[in-house]
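Each of the next two complexes has subunit A plus one more chain, namely subunit B in the first and subunit C in the second.
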Partner chain A sequence: MSYLLTTLTKKKEIDTIIRDTIDKVLVLRFGRAMDALCLQLDDILAKSSRDVSKFADVALVDIDSEDVQVYVKYFDITLIPSTVFFFNAHHMKMDSGTADHTKWVGAFHRKQDFIDVVEVCYLLFLSNPLNWIMPSIQIVDPGSVDIIMVA
Partner chain B sequence: MKKKNKKQKSEFDFCKVCNRNHDEGQRHKYFPSHTNSLSKFFSRFQNKLTEVRFFLKNPSFLRLELASRNRLWCVFCDCDIDELGSSFACQNAINHLASGDHLKNLKHFLWKYGGGMDRVDAFRISQADIAKWETKCKSLKSEAAPCGGTSQGLQSGLSNDIHKEPDYENLNNYEKNTLHHLNSNISNVVMPLQQHTNEYQVSRLEHSGVANVGSNMHVITSTLSVDPCDGTSLWNANNLMEAGGNVHSGAPPPWFEETQGDQLNVQLNQVSTLNKSGKLKLNPKRVGAAWAEKRKMEMEMEKRGGIVKSDCDPNWLPNFGRVWQSGSRKESRKEFEFEKQKQTNVHSLSEMPMEIKPYVSKRMRKIRVFKMRIRSELVD
Partner chain C sequence: MATLADSFLADLEELSDNEADVNEEEGGVDATNMEEDIDGDIEDIEALNYDDLDNVSKLQKSQRFTDIMQKVEAALQNGSDISNHGMVLEDDPEYQLIVDCNVLSVDIENEIVIIHNFIRDKYRLKFPELESLVHHPIDYARVVKKIGNEMDLTLVDLEGLLPSAIIMVVSVTASTTSGKPLPEDVLQKTIDACDRALALDAAKKKVLDFVESRMSYIAPNLSAIVGSAVAAKLMGTAGGLSALAKMPACNVQLLGAKKKNLAGFSTATSQFRVGYLEQTEIFQSTPPPLRMRACRLLAAKSTLAARVDSTRGDPSGTAGRSFREEIHKKIEKWQEPPPAKQPKPLPVPDSEPKKKRGGRRLRKMKERYAVTDMRKLANRMLFGVPEESSLGDGLGEGYGMLGQAGSGKLRVSVGQSKLAAKVAKRFKEKSYGSSGATSGLTSSLAFTPVQGIELSNPQAHAHQLGGGTQSTYFSETGTFSKIKKT
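So, the complex of A and B:
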């Protein structure tokens, strides 16, 4: 499904999209187009990208391209697919039940789960003031995505 | 084995009562949901008919300004019955409910949607009732205007009740007055009065040769209603023409005064501007607000001034907090860059080309070095 969403292969492109997405949540998926789990996630992202288009932008990053390796290392991407959330060029942490709060690892079960996450992210980022602790979202059960907001 | 075709799907049909399409065919009218909707439907229409029945028993004159407000939608015939041009309250409605067409439609409706044929009488007016009503009306008329027999008859004929069956009594009157040809024009056409009924105007109209039914109507009323007691017809025409315009000419309604209208316009404009300018008032305290504002300004500058902003530093990295990192995010960036430098050093070291040489023993190396020294001394 990567032909439905913008795929980024260069650091410059990633920089541009991070810097130019203003007042909207930016969802960056790091993965490979041919990987099975990535395909699953891409399917959900592609289907829901229009629904969330008013408050979120979705883009895919191909981790196999050389230019992108900087980011792969910077974001510590070891498992794919990994989804990183940004808001106004700030990276947003999310507690999804794992030790790694910097990204969401894996796919979503349903389209609605993804939409819920993004929606809550947006509302939280919009309402909370900028603290030295970035606002984080705690997801209690990643399977059903019951979201409890923790500022 | 006989196959029982339990679910015989018939074509989709629209049920007026339930207000939905269904494919249950004839069975639909027996379903409890339909019977419920039907009873509600009938009770609603009955409520509307109570007024009509009241005026059936107690006929009274209908004032023209109220005529436009009275209308009834007949659910069985799917038609609107208004009271424009009727002299008695609910006259058109009463005539409609007594008509043969209405009875036919009512019976068809009851057959199609159920409800029992005994309800027929509840939704129509019998001939006996309407005859009584008409006699009452006549007596009222004769009391009100003792000399307006023919003109009143004319008026009732002029009513724009297109559903009313031709009134033979009035037709006979017209024949007597040799106005039969006009009646055939008038009884089927609904035309609003457009001009003052004035003798001078009438003569002008006649000469202009405009084949306007409305103007013809004026001709009749003015020629016939010479007597002052026939003020009703004259009054009707004049009253309507007092206002500067009407619905048909597109004039504003009288309750919508000019001052009010201006105020409303202003309010509407204000609302529209508000909508356009403040789409979403974003929280100034939101995450990355300062960055967002700054970036927006930069982008606007780029658009307007055509300033080609230099591309961001290739080494730019977003604000990212690493996994096992504690402390501020700047430190994570520093850490990363430090690691990057380390890696590049390692790479540069490992990139030195390795030459493959044959093995030379230590003794041979010493001899070679000695030989090279002698040569160099000889040269010097």
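So, the complex of A and C:
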């Protein structure tokens, strides 16, 4: 159901959206609309986008388009879907049990898991006024997200 | 007429000093008609003594009445003639006739009431309960006429005059009535009065028909909203268009409302507080749950329309039609389903401070999870004194200060918490207040080895804390056994 979420295909669009989302968590999903796992993730994202709309924005990036390859390389996206979290133009890192802390790979099991991650992002960053210190979130169990916060 | 008057006068002299009324028989002037009615009312009190209907009801014989009836019949026969609108309304003879008709219909109503009283008073000797069973004057008159002097009601067929339930009640009451048959002349007078009432009723119907046929000319706006039949009825009951216009809308709503239901019938289904407006097309076409609101709306708009008509502000009736449209639209709007509920987005985390509650109820609730004295003691230890443990030798759960200080008791008595007070009270009542089941030699005192005589039974307490043999699952004084945070 990606018609509910904006799909970005150009570098400029990604730039503007990262810059313009102030005081809200920005969730960017990198993937393809045809992929089955991507579709699952998109479904969860679409259903929860309204619920978190007060403190988060959700957008999709199509990795097949030419313009965005720069970002694909920058974030080192090889597996799809990959979700990157931003807050106030800062890239948020999180420990999800894998080696890669820069992004979240794969889909979420439940809507609530995704909402929990976003809420924690928001809380952590808001409680930390010095934005250039990057707090990290540790996600212990990727299947059902029980969040242990590590500042 | 004069000779008749004289003969009556002779009868009347001993009973009343109202000689004026007899001379008023010729009256065609409105002023005297008013007096007639007033005199009729005054006489009504003394009507019990009167034998004659004519002294009570004069309307039918009055000149005014016959004049107007003649004109009405003529007009009805001529059919509707479209009078020229150029003429000022007040000068139009038809309009005058209609105004007269309105006044006359009110007079006829009053007259019918007077005659009804007369009939009732006469018939009371025969069948006193009938007046409380049949309320409507015309129905009463018809029933009286049908029954006549008959004592056995099974021979009388009241079919069609009354609803069948009421016929049943009437027949049953008649079989146990305390009345006696009337003498012949009284009976004759009563039947005459009934005839008179029915004739008046017929005349009123004619007048109303006439008014109805002219309604779209008299009050175009009002008839645009409620229809000409109901408009005629409203005007007739109110006593004219200006009288109707002066009424507040709540009164207009109640014009023509039937009075209380008959005894024995449930009032749950009664359509309350609606009068003639109930018969309008708009009212009939609204679904039942919205009917009360629709009735109020109708009454309001029709009052407005009546006011417009009384001042002839809009002879073409467009105001009435626009009111009607408004009413339709409003009723449509009421029937719309409510807007679909949108799920609210979640609130921003930590932006809304948690609402902390306090008070007695919360404290009581917190008591259930509070740390008990026993646990507090078990949590502490004396310096240099080793604690006992459940498995002995330092294994198992430690007992802390429980069982120490030489009290010789491992069990600390459970403190009287406020919550448990109720439970303890009930338990006490049960064990000490047992009525009659225990033998007369038992006493509430207990002999204990340590303290000597004690009032409260310490054994009972020991049982509470629990012999492993007694199951506390079904205990009435027990609380939760295991509280775990999930």
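As a convention for this text, the second predicted complex is superposed on the first by the 147 of 151 C-alpha atoms of A that agree within 3 Å, B and C clash if a C-alpha of one lies under 4 Å from a C-alpha of the other, contacts with A are read in each partner's own complex, and residues count from 1 in each chain.
To be clear about the criterion, contacts are C-beta pairs under 8 Å (C-beta built on N, C-alpha and C of every residue); 3 or more make two chains touch, one makes a residue touch a chain.
Every value quoted in this text rests on a predicted model; they were computed, and no experiment measured them.
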{"item": "Subunit C versus subunit B on the shared subunit A, clash or fit after superposition", "value": "fit"}
{"item": "Partner chain(s) touched by A:His91 [first = subunit B, second = subunit C, both, neither]", "value": "first"}
{"item": "Touched partner set for A:Asp15, first subunit B, second subunit C, both or neither", "value": "first"}
{"item": "Partner chain in contact with A:Lys73 - subunit B first, subunit C second, else both or neither", "value": "first"}
{"item": "Which of subunit B and subunit C A:Gly31 touches, first, second, both or neither", "value": "neither"}
{"item": "First, second, both or neither for A:Glu119, with subunit B first and subunit C second", "value": "second"}
{"item": "Contacts of A:Pro81 with subunit B and subunit C, given as first, second, both or neither", "value": "neither"}
{"item": "Contacts of A:Thr102 with subunit B and subunit C, given as first, second, both or neither", "value": "first"}
{"item": "Contact breadth on subunit A, by residue count: subunit C or subunit B", "value": "B"}
{"item": "After superposition on chain A, the shortest CA separation from subunit B to subunit C (Å)", "value": "7"}
{"item": "Where subunit A meets both subunit C and subunit B, residue numbers", "value": "126"}
{"item": "For the subunit A and subunit B complex, residues of the former touching the latter", "value": "11-12, 15-16, 18-20, 22-23, 70, 73-76, 86-93, 99-102, 125-130, 132, 134-135"}
{"item": "Touching residues on subunit B, where the partner in the complex is subunit A", "value": "282-283, 285-292, 295-296, 299, 311-312, 314, 316-323, 328-329, 336, 339-340"}
{"item": "Subunit A residues within the subunit C interface of the complex", "value": "50-55, 115, 119, 122-123, 126"}
{"item": "Residue numbers on subunit C that touch subunit A, as the complex places them", "value": "343, 345-350"}
